[in-house]
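Some structures are shown below for you to check.
Heads up, the next two complexes both have subunit A, just with different partners, subunit B and then subunit C.
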Partner chain A sequence: MLLALLALHAIAGLAALSGARRLGRWALVLGGLAPAVTITWAASRAGAVLDGDVITEQVSWVPGLDLSLDLRLDAFSLLMIVLVSGIGTLVFAYAWSYFGRAEKVGRVAGLLTLFAGAMLGVVLADNLLLLYVCWELTSVTSYLLIGIDDDEPEARAAALHALLVTSLGGLAMLGGFVLLGQAGGTYRISALVADPPSGTLVGVALVLVLVGAFTKSAQYPFHSWLPGAMVAPTPISAYLHSAAMVKAGVYLVALLAPAFATTGVWRPLVVGVGLTTMIAGGLRALRPFDLKQLLAFGTISQLGFLMVLLGIGLPEATAAGCTLLLAHGLFKAPLFMVVGIVDHEAHTRDLRTLPRLGTGWTTVRVAAFLSAASMAAIPPLAGFLAKEKAYDAFVGGSDGERLVLAGIVAGSVLTVAYSLRLAAAFWRPDAVAPADGPRPVLDHGPSPTFVAPALLLAGLSLLLGLFPALWSSLVDQAAAALDPEAGASLKLWHGINTALVLSGLTLALGTGLFAARGAVARAQARLAPTVTGADVYDAVVRRVLHLAALVTSVVQSGSLPIYAAVILGTAAVVPAVGLLSGAWWPGWPTLVTRAADLPIAALLVIAALAAAMAARRFVAALFLGVAGYAMTLFFVVQGAPDLALTQFAVETLSVVVFLLVLRRLPDRFERHRAPAVGVVPRLAVSAAVGVFVVAMAIAASGARTEPPVSREMTERALPEGDGKNVVNVILVDFRGLDTLGEVTVLVAAGIGVAALARAGQRPDRRPDRRSEVT
Partner chain B sequence: MSVLMAVTAGVLCATGTYLVLGRQLSRVIIGIAMLGHGVNVLLVLSGGDGGDPVLVGEDVTDFADPLPQALVLTAIVITFGVISFLLALAYRSWVVTADDEVEDDVEDRRIAREAEHLLDDRGDEGAER
Partner chain C sequence: MRPRRSLILDTTLRLVFDAALVLSVYLLFAGHNQPGGGFVGGLVAGGALGLRYLAGGLDEVRATLPGRPWHYLSAGLLVAVGMALRSLVGGGAPLDQTAYTGDLLVIGTAKLTTATIFDVGVYLIVVGLVLLIFEGLGEHPSESPVPEEHGS
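The block that comes next holds the complex of A and B.
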């Protein structure tokens, strides 16, 4: 069934994509069916899973490589499905009103469905490699979704930014997975967590995996892609960048933390990065006027919070993390939705130009205030329960844990401040940002169907806050699935304890920070770093492109002589390294073995040098002919009459062809531009090749250890080949296929020659080609 | 095998290389032919000092090695095919540009110019954001 659900997403997504034009907004219904079916099915199994049942499925994929589709549904996966499929279904409903009859709605629907399927795969996968595949599928679909307005350069750049950062992190993670799988002897996550391997290599593997998780969950210093991704239409932001994709990193960390938190640098790294992200993201969320940017940095901050809770590997914190995971999805998705509604109706989401919302906006305001209150952890909302649990987890701990607690409280104070800032936008925008002019009043509110999904989620935040028993067992069991010692037992009222005092303190300080917003803004403007993460990304990308251009301009000069020099030089120099050992040296052979060699060698050398130095084409070609005929003589004295005959015939033909072509070309070698290879390197490469050939000839003469194979060929030529001329028998019989290849090459060359020679002249080209060269 | 013929092969290959590194296509072609000759000498030498033509049935015992000869025969013919094709290219080059000079690749030069350009105004764009 798990596999069938994944397949359903794929089929529905592809169907919506292929029928995007005809289906229009109905593609959303088709696509939304997949997450709706998933959440319904999950709800029907919730009872059994919460009793401790684990649903597993395994389909063998590549048995030889031990690759299989391992799927596993436990209580923690169930919690994630509530986010992925539950909130997913509502996002589809919200998108129905948001996109209306927009042209791209079909494409969005298809891609959203495929994304939902990939994300479902991530939370169901019980195999590291399968998880990686689904993980990268979410990156790819998210790339397509962020860049859905593909005629906007800004959207394309943001999509690429997200893809580059998350997929590079994903590659690091893959490396970590492989190391982890090799060390543990299995790629099954449940088996690895049950029996965790250890060692230095595992420590390295975990750091690599964490890099992947940090990039995906937009942790500092990899966070800068998330604010950029806000160019996407709001339903996409609400789904990918609050509920689903950005939680993948947190999810993975949560899976591994109970088993690996004490291995290597895991705990200090995760807690350090998480706290930095929580506080830095919170500070940044106080600055932007764009409501989506505010939400984006708020999300980054909350993801840091989740990273700390779920990554620290302490049972209490894990339980708190599971609570916050759900609570965050419940308040962040509706916040994105209401901001999207304002943007959609008022065509702005900038605090400075935002209209005053009139009477038709009551439902939107209720949804916004409830969700913002849950984000600020105001009782009795779901976010308050989560924050209480988080404080409670660290209150009684060691000094180090108290330090973490201090960091969390600081981050939460900032959360309260930016939550109030967001809420003010729906109440009195003038309170947080001076208007550019008189603010218009927007009385006509959005349609009820548009608001319904956000209102439903906001209502859930309130309902779950008031009645913790509704979700206590889900969170409890999810935490227990990660760490058997963890248990949540949610309660609204624990009596007056340290956590409650801290909560009160947080609210008071946060409200104070918001009240002093003018001074805070001035201080931030003065102290804020001038270089943002996006600047760093831009600089890195620019440098990489620059480096690529530089490397290309060096290794790919585009000049044939340079390529030839590199190839021939390498061919001469690299084997020389082997020859330098001297083991091959058979000693100098006889100076001259045959008197007849002397004139032939002299002729060859003189002809070669003369051809190289000739200033006229004809002369050079004629000396080449001389060398060819000298070769004929050499073959004769060497006892190779066939070669001599062939060489003679070919040489004669060559000279004729040369003369036919050279007749057309200028008489002298004229130089139009500087030689690509200077004289000195040219002579050096030539000399290196010459020396190498001499060494090679002498080495080859001393290299024989066995009798030549040709002796057998000589014996078998007459009885088996029916030929007395052994060379001919070798060519047409023993190595007949070789000769067939040779004939093929000749035919191909002949066709080429005919085509080139008969091609017409382009009438528009005049011989003057210098104008186009410079 | 003699030092003399080894050095001859070396000289043929060296002059061939020298010619191949030039810009005029006709010189490159002559260089390739020269390289071909050098390699053929090398191949034949690897079969030993030679001897009588390998015609079985004749009353001789000191056969030359026939296998390198067969290889060289193939090489001669292939070299001829390559050279004819290159000559046709040279002819074509003359038809189009009235010369046979090998020009640099236009696209590669564009990239090289771009790299220089990037070197010149590095960092200017950062201020915009």
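The block that comes next holds the complex of A and C.
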């Protein structure tokens, strides 16, 4: 069934893509069917899975690489499916109103469905290599979705930025996976986690894997692609860049942390990066006027928080991380949705130009308020439960854990401040940003269907906050699936304890920070680094392109003599080194076996010399043909009629082709006054190649240690190949697959030749034009 | 203006061309038991077409054979890949061959192996490649070749 669900996504996505034009917005219904079916099916199995059942499926794919379709649904995967498919379905519903009859809606629907399938694959995969494949599929679909407005350079650049960063991280991660799989002897994640390998190599592997997770989850210093990705239409941001894709890195870290947190530098690295991200992202979220940018940096900050909780590998923190994972999806997706609604109706999402929202906007405001309150962890919302749990996990721990606690409290204070800043946009935008002019009033609100998905999610934040029992077992079992010692046991009221005091402190400090926003903004303007992550990315890309241009200018000089000298010189020198490093000289072979050899050899030598010395190209080509015919004679004398026949035909055609080419070239070889490669080096290269080829032929003729295969082939040709011509039987039967590959290459080469020949004919210089003129 | 045609070449061509094509087909089918095969057969057919080209240029090559080069290339590749898939479907290794013996009434019995059909694909590809080269590098006889840059 798991495999069928993945296939359903692929089929629905491809169908929506292929019928994009005809289906229009109905493609969203077709595509949305896949996540809807998935979440329904998952709900029907939820009872069993939460009782500890694990649903697994296995289909062998590439046995030689230990790559099989290992799928595994446990409680933690179930939690992720709620995010991926549950919120995914609502995003499809939201997109229905957002895109309306926009032209690109069909393509968005198809790509979103494919993305949802890839993401489902990530959370179901129980094989590192399969996980990698799905991981990269999410990168590619994300690239296409960010760049959906492909006529805008900004969107294309942002899409490329995201793809470069995440796929480079993905490559590092693949390296880590391979090391990990080799060290553990298996690529099955459940087996690796149950019996974790150790050692220096594993430490290195884990750092590589973490690089992949950090890039995907937009951790510092790889975060800069996420704010750029906000050029995508809001449904895409709401889904990929808050609920689903950016959680992939956190998901992977959560999966590995209980087993590997104490290996190598894992814990300090994950906690350090996570805390940096949480605080730096929070600070950055206080600055932008663009609401989506604010949300993007808020998401980065929250991802850092999740990274700390799920990466530290402590049971309590893991349980808190699972809670926050769900709570974050529930409040961040609707926040994106309401910002998208404002953007859609008011055609701006800039705090400075935002209109005042009128009476028709009550539902939007309710959704925004509940979600922002959940983000700020105000009781009794779901976010509050998660943050309480997180604080509680670190209270009373070691000194190091108390340091982490201080870090996440600081980050949460910032979260409160930017949540207030966001909420202000829906009530008093003047409070956070001076208007450029008088703000218009927008009375007419969005249609109820537009608001419904956001309102539903926001309502869930409230409902789950008020009744923790509703989701306690899901979070509890998800945490237990990661770490058997972890249990969540969610409660709204724990009594008065340290965590509650800290929560109160966080709210007070955050509100204070928001109240003092003028001073904070001035301080930030003075202290904030002037170089942003995007600048660093730009600089790196510029340098790489510059380096590439430099290398190209050196390697691709454009001079045929230099190319020829390099290729022939390498061909002579490199194998010769290998040849000379062993005892290779087998003694002179019998040089002349038949009397006829001598005149043929003389003909060959004369033709070759004449071809090299001819002053006219045409003459040189003819002498090359003569040399080829002399080889044909050799084959005839040696009793190889097949070879002789082929050589003869090839030579004949070669001469004809030479004639065709030579018509386009000057009649005589040019004599350069200052050739790129002088006479002496040319002679040296030629001599080296000649000597090497002769030496190689002699060495090869004496190097045989095994009986030749030709005897076996000869014996098997008639009974197995039904043919008496051994050469032909080898070509079309024994080695038929080789021949198939060769003829395919032949076709490709032919197309290349035709394309090259056409490229030489510029339209203005086409002969037929000229003949018309004259 | 049509270029002058060589009487000797035209006459030779009339004598040789059809014989060469028959020879090429013979080589193709004889290849399984005697010297020959799809590759050589294709090359001989290509050589015959080369003669046509020398005598009458690209127009004459085009008039000789129906279809364009890429038709031959794609047909050949399809046949070759089809033969590879055929044995895969049967559960064997790719290009594992089967022999069929049939009674051709007057001519006698003949044996056709799937390997020969594969060779037909190779033959078509080689012919298509030669045509493609003529098409790409050659020029119409009605056009002047390279302008006389070095002619004095």
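The rule is simple: the second predicted complex is superposed on the first by the 563 of 774 C-alpha atoms of A that agree within 3 Å, B and C clash if a C-alpha of one lies under 4 Å from a C-alpha of the other, contacts with A are read in each partner's own complex, and residues count from 1 in each chain.
We adopt the following convention: a residue touches a chain if its C-beta (ideal position, glycine included) is under 8 Å from a C-beta of that chain, and two chains touch if they have at least 3 such contacts.
Note that this is a predicted model, so its numbers are computed, not measured.
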| item | value |
| --- | --- |
| Dominant toucher of subunit A (residue count), subunit B or subunit C | B |
| Which superposed partner A:V577 touches (first subunit B, second subunit C, both, neither) | neither |
| Subunit B versus subunit C as contact partner of A:I496, first or second or both or neither | neither |
| Touching partner for A:A759 - first (subunit B), second (subunit C), both, neither | first |
| First (subunit B), second (subunit C), both or neither touched by A:D667 | second |
| Which of subunit B and subunit C A:K724 touches, first, second, both or neither | both |
| First, second, both or neither for A:L737, with subunit B first and subunit C second | second |
| First (subunit B), second (subunit C), both or neither touched by A:L604 | first |
| Which superposed partner A:P708 touches (first subunit B, second subunit C, both, neither) | first |
| Partner chain(s) touched by A:V657 [first = subunit B, second = subunit C, both, neither] | both |
| Subunit A positions touched by subunit B in one structure and by subunit C in the second | 641-642, 646, 650, 653, 657, 661, 664-666, 724-725, 727, 731, 739, 746, 749-750, 753, 756-757, 767 |
| Contact set on subunit C toward subunit A in their complex | 27, 31-40, 43-44, 46-47, 50, 53-54, 69, 73, 76-77, 80-81, 84, 94-97, 99, 111, 113, 115-116, 118-119, 121-122, 125-126, 128-130, 132-140, 142-146, 149-151 |
| Of subunit A, residues touching subunit B in the complex | 534-535, 538-539, 542, 545-546, 549-550, 552-553, 556-561, 564-565, 568, 588-594, 597-598, 601, 604-605, 608-609, 611-612, 617, 620-621, 624, 627-628, 631, 634-635, 637-643, 646-647, 650, 653-654, 657-658, 661-662, 664-666, 669-673, 675-677, 682-683, 685-687, 689-691, 693-694, 696-698, 700-701, 708-710, 713-714, 717-718, 724-727, 730-731, 735, 738-739, 742, 745-746, 748-750, 752-753, 756-757, 759, 761-762, 765, 767, 769, 773 |
| Of subunit A, residues touching subunit C in the complex | 641-642, 645-646, 649-650, 652-653, 656-657, 660-661, 663-668, 721-725, 727-729, 731-733, 736-737, 739-740, 743-744, 746-747, 749-751, 753-758, 767-768, 770-771 |
| Interfacial residue positions of subunit B with respect to subunit A in the complex | 1-24, 26-28, 30, 33-34, 37-38, 40-42, 44-58, 63-67, 69-70, 72-74, 76-78, 80-85, 87-92, 94-109, 111-112, 114-116, 118-119, 122, 125-126, 129 |
